[in-house]
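In what follows, structures are represented as structure tokens.
Common to both upcoming complexes is chain A, partnered first by chain B, then by chain C.
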Partner chain A sequence: MAILELRNVDKFFDDFVAVDRVSLSIEEGEFFTIVGPSGSGKTTMIRMLVGMDKPTNGQILLRGEAINDVPANLRPTCMVFQSLALFPHMTVGGNVEYSMKCKGVPKPERRRRALHFLSVAHLPESYYDKPVTQCSGGERQRVAIARALAFDPEILFFDEPLSAIDYRLRKVLERELKDIQRATGKTFVYITHSLEEAMVMSDRIAVMRKGRIAQIGTPNEIYRSPNSHFVSEFMGEVNSFKVRPEKAGSLVDVESGRAIIVEPDAAPAGFKAGVLVVRPEDMLMGRQIPAGAACILKGRIVNEYVLGSRVQYQVRSGESLYLVEKIRATEDAEGIGSDVEIGWRPGDARVFDEPLQ
Partner chain B sequence: MSDIHPITRRLLWIFFAAACLLMYLPMLVTALASLSRSRFFIFPVSKYSWKWYEDTLSSLQIEQAAIISLIVAVMVAVISVALAFVGALAYARYDWKGRKSFQYLVMLPIFFPQAVLGLAVQLWLNTLGVPMSWHSTVFGQLVWIAPIATLVIAIQVFAYDPAFEDAARDLGATRWQAMRDITLPLLWPGIFSGFLFSLLLSWSNFPFAYYTSGADVTIPEWLHAKMIGGYTPMVPAVGTLSILVGAVMLCGGFAIAYAAKTIAARRRLATAAR
Partner chain C sequence: MTDRSFDATVGTSATPDERTGRGAGLLRPWLGRLPRNAGFWSAMPLSLLLLFGFFGPLVLVVLYSFMPRGSFSPIGWPTLENYRDIVEQNFYISFGWSLLMAIVAAVLLLLVAYPLAVAMVRLAGKKADIYTILIVAPLFVAENIRLQGWSLFFDKSGFLDGAMESLFGVGTGSLVGNIPIVIFGLVYVYLPFMLFPLILGLTNVPGDAREAASDLGATRFQVFRDIELPLAAPGVLIGTLLCFVLSLGAVSEAKFLGKGAVIPIVQDIDSAFTFGQNWPRGSALSVLLILIAAAAVVVVMRRVDIDRMFTRR
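On to the complex of A and B.
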């Protein structure tokens, strides 16, 4: 049985619909991430999940039992706040022990368990007596995780706790968090606006848009088979073309009038108009690209961005700019100013049915 | 400081000295006047003596006034902090319908001249038939001092992140536990300054006492009465002593705050050593 289930959950603020008929279920021991741009309703979602807000309609079930009206302090779940909300007048130990103190656990036992959770969160035991205000950013994250674990929650919620951390430390903490989740076997529900964060840590991801779930799936499913233009764009930079059907196996680019070859089943049945999307890493580029490409665009490289192991090229063709991504090692001598042909294999494009603006 | 031009620095020093002189000279003059042997307020002081202080300290009337002033000040401080604490939470912490109007309403008494407000309170108490004594003075001063204490504490509340309380509740704390363990300790500096502020404001407050204390006399009232009819250097003597008492309250407050901090730090060290 699912540990947490949402059935047709709505949340209205006056006339504003923050969460719109959301249903989903989260399995025991899963690392589940809710990802979406700001204003997509993900913060409202987590506030309802932890019990700080009540849904307007629908049900939230914990192991099959409705918990809509159970306040946060009576729920067996715990949250790591965006601001972390570590109690600044307490030591690291005082913070970690706080939930046990509220339950009336005797002091020596509290201390013993707090020290255990410090080590689980990769903090030295000597930090027990350190004032929490003297900890660095990364240490504070670990204290917050230890404090939440010490509550022994059925589910741990995270509200973008890593958003204020610099890139390198964030990468380290993402891995640590995933390790802690595996080691403890707890169910983690994580909220973020960052696709990268979601991809690295999650078993499954729910993408939210305007209060609704746009897609749920494993990171790979969502990256490889997005179900809408929105998801494909949100999951990374893409090249988009507004298209209309022409004849079987071919679409026409609305802006240039150019024919684009697609796989026979690429466009949904009854397709009238929509968007064709190709990821930069699926693009072909060269002085002459091989035959069998979906279409050939002639252009000139106008920009080059080195992304560590990969290189991204910006190619201007007519009025439009396209992104092409290559592994550096296999790169030819093309650089800024070179005239190139770009295109893609018909199988690498995805077509989404949606009204053209 | 090193990148300030020497002339600018000299001007700043002159300004600083002038400000100090203008503010503190009158107090010094009062102190000097209280040490004069002569009955009259004349400078230069020809003969110094402690006579007026001896008279002051042995006067039953002044002792009575000091006790009343002190009781009123402590009562006002305690009640206004209790009111101001919940008031400040309503003012700055919670979002509720009518909060804006509440904020204006709380500020209103501060904008009234105290003399007018004192008279209004007196008329009101008369209408209700409440007998005038230092009890009614406590009430009268609260009208003016509680809003100020509310503002002082509200500043602390504005800087307080409600997520702390949410986090405590999420970790299983009851409302009361969250209040005791998290909210109160974090708002403590504001509550403490609100208390000190109220104590000092009440101690030196004249208008409300004048209108509402009936037959009871506070120190500022006694000073006023003596200045109008029957000046002796006891007036500056009592004034100087009154300033000293205020200073002692303030220093005492800081001393208590400092001691609490040191004790907490020592306790932390002790647990660390164990």
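On to the complex of A and C.
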């Protein structure tokens, strides 16, 4: 049985619909991430899940029991805040033990367990007596996690806690968080606007858009088989073409009039107009283009972005710009200003039904 | 140093001017020895004012307090007889009442103002401004006039008595001329002095810390005791201190509402200087009052150590 289930949950603020008929279920021991651009309703979602807001309609069920009206302090769940919300007047130990203090656990026992959770969160035991105000950003993060774990929650919620941390430390903490989740076997529900964070840590991802769930799936499913133009764009850079159907197995690019070969079942039934997307890493350049490519565009490299092990080329063809990604330092190294041909295999493109503007 | 600068001013005044190529005449080498930072000069007007307007009189008062009874000169053979008189002539009773009333008023103010401060901090923008204006507005009217107003309200045949009499046939009689009404006056007059430090203190309590505590299973009382109160403590302590010290030095409330039911220490000091023409006695009483107030300030300010506030439980 799902540990947490939402059934047709709505949240209105006056006339504004923040969350619109959301249904989903989260499995025990899962690392579940809700991802979406700002304003997509994800913070409202987590506030309802934690118990700081009540849904306008619908039900939230914890292990099958409705908990809509149970306030946050009576729920067996706990949240790590975006701001961390550490208690500035307490020591690291005081913060971590606070939930046990509220329950009336005796002091020595509290201390013993707090020390345990400090080590789970990769903090030295000597930090027990350190004032939180003297901890660095990463250490505060770990204190917040230890404090939430010490509450021994059924579900741990995270509201973008890593958003204010610099890139390298964030990468370290993402891994640690995933390790902690695996080691403790707790259910983690994580909210973020960062696709990268979602991909690295999650077992499953729900993509939110305008208060609705656009797609739910594993990171791979969502990246490989997005179900809409929005999701495909949100999950990474894409090359988009506005297309209309021409004949079986072929579409026409509205802007250039060029024919694009697609797989027979690529376009949905009754397709009138829409968008065809190809990921930069599926784009081919020059001699890589096989016979039977979907289409071949002639263009000129106008920019080159080095992404560590990979390189992205920005190619101008006609009025449009396209992104082509290659493994770095393969056979031929094209440079800015070279004339190139780009294309892709028909099987690598995805077509979404969508009215054209 | 002084000698050399004097020499430079008088004897070789031309030399520094020639060296630097610009000059301020005779004063130049002299000025060069004074601090050049802006802080020193910016602080000068206030420093002078405090030196002559605050520190000077304080020294005079202390000196007078050791002079013989009825003396009008601060210079003479020191004696402790004024302090002995305070004990022997029962002045400690006034001290006791003033202290008691100040403590009770400060505690009552804390109880009254705390919920109000919480409400005002949580109120959004405009509404809070309106309440602030309403609370501050009476400060623009002289304290004595406001207290006289309350006196007319509570006195026999006053507003309250008259209204009760005509409406229900049972008057309240005179409600002035007792100690509780004096404390009421203190609470009324010093409310803003408690309220605004409290608001300041409560603004320092992050809303999400309260939410986090509640999320960790704290009851509302636990959130108040463990999170809100400790984080707002600087405001609580400063407000209480301010109200205590002000109430200790208050005299109008006893005059207008107490009608002589209680004599606060400040009235004793006043009459020693005026009616009694005994400056040394007034000075000795003042010194004791200053010591009590200073002790309260020291005790509180040691606790409002910002470092400790934010690091210890």
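Here is the rule we go by: the second predicted complex is superposed on the first by the 352 of 357 C-alpha atoms of A that agree within 3 Å, B and C clash if a C-alpha of one lies under 4 Å from a C-alpha of the other, contacts with A are read in each partner's own complex, and residues count from 1 in each chain.
In the analysis below, a residue touches a chain if its C-beta (ideal position, glycine included) is under 8 Å from a C-beta of that chain, and two chains touch if they have at least 3 such contacts.
Keep in mind it's a predicted model, so treat the numbers as computed, not measured.
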{"item": "Clash or fit (per the criteria above) of chain B with chain C on chain A", "value": "clash"}
{"item": "First, second, both or neither for A:Lys103, with chain B first and chain C second", "value": "both"}
{"item": "Touched partner set for A:Phe81, first chain B, second chain C, both or neither", "value": "both"}
{"item": "Contacts of A:Pro264 with chain B and chain C, given as first, second, both or neither", "value": "neither"}
{"item": "Chain B versus chain C as contact partner of A:Asn73, first or second or both or neither", "value": "both"}
{"item": "Which superposed partner A:Gln134 touches (first chain B, second chain C, both, neither)", "value": "second"}
{"item": "Contacts of A:Thr91 with chain B and chain C, given as first, second, both or neither", "value": "both"}
{"item": "Chain B and chain C contact sites that coincide on chain A, given as residue numbers", "value": "50-52, 71-73, 78-79, 81, 83, 85, 87-89, 91, 98-99, 101-103, 131, 147, 151"}
{"item": "In the complex with chain A, residue positions of chain C that touch it", "value": "206, 208-209, 211-219, 222, 226-227, 230-231, 309-313"}
{"item": "Complex contacts: residues of chain B adjacent to chain A", "value": "161, 163-164, 166-174, 177, 181-182, 185-186, 268, 271-272"}
{"item": "Complex interface listing, chain A residues touching chain B", "value": "50-52, 71-73, 78-79, 81-83, 85, 87-89, 91, 98-99, 101-103, 129, 131, 147, 151"}
{"item": "Parts of chain A lying in touch with chain C, wherever the complex brings them together", "value": "50-52, 71-74, 78-79, 81, 83, 85-91, 94, 98-99, 101-103, 131, 133-134, 147, 151"}
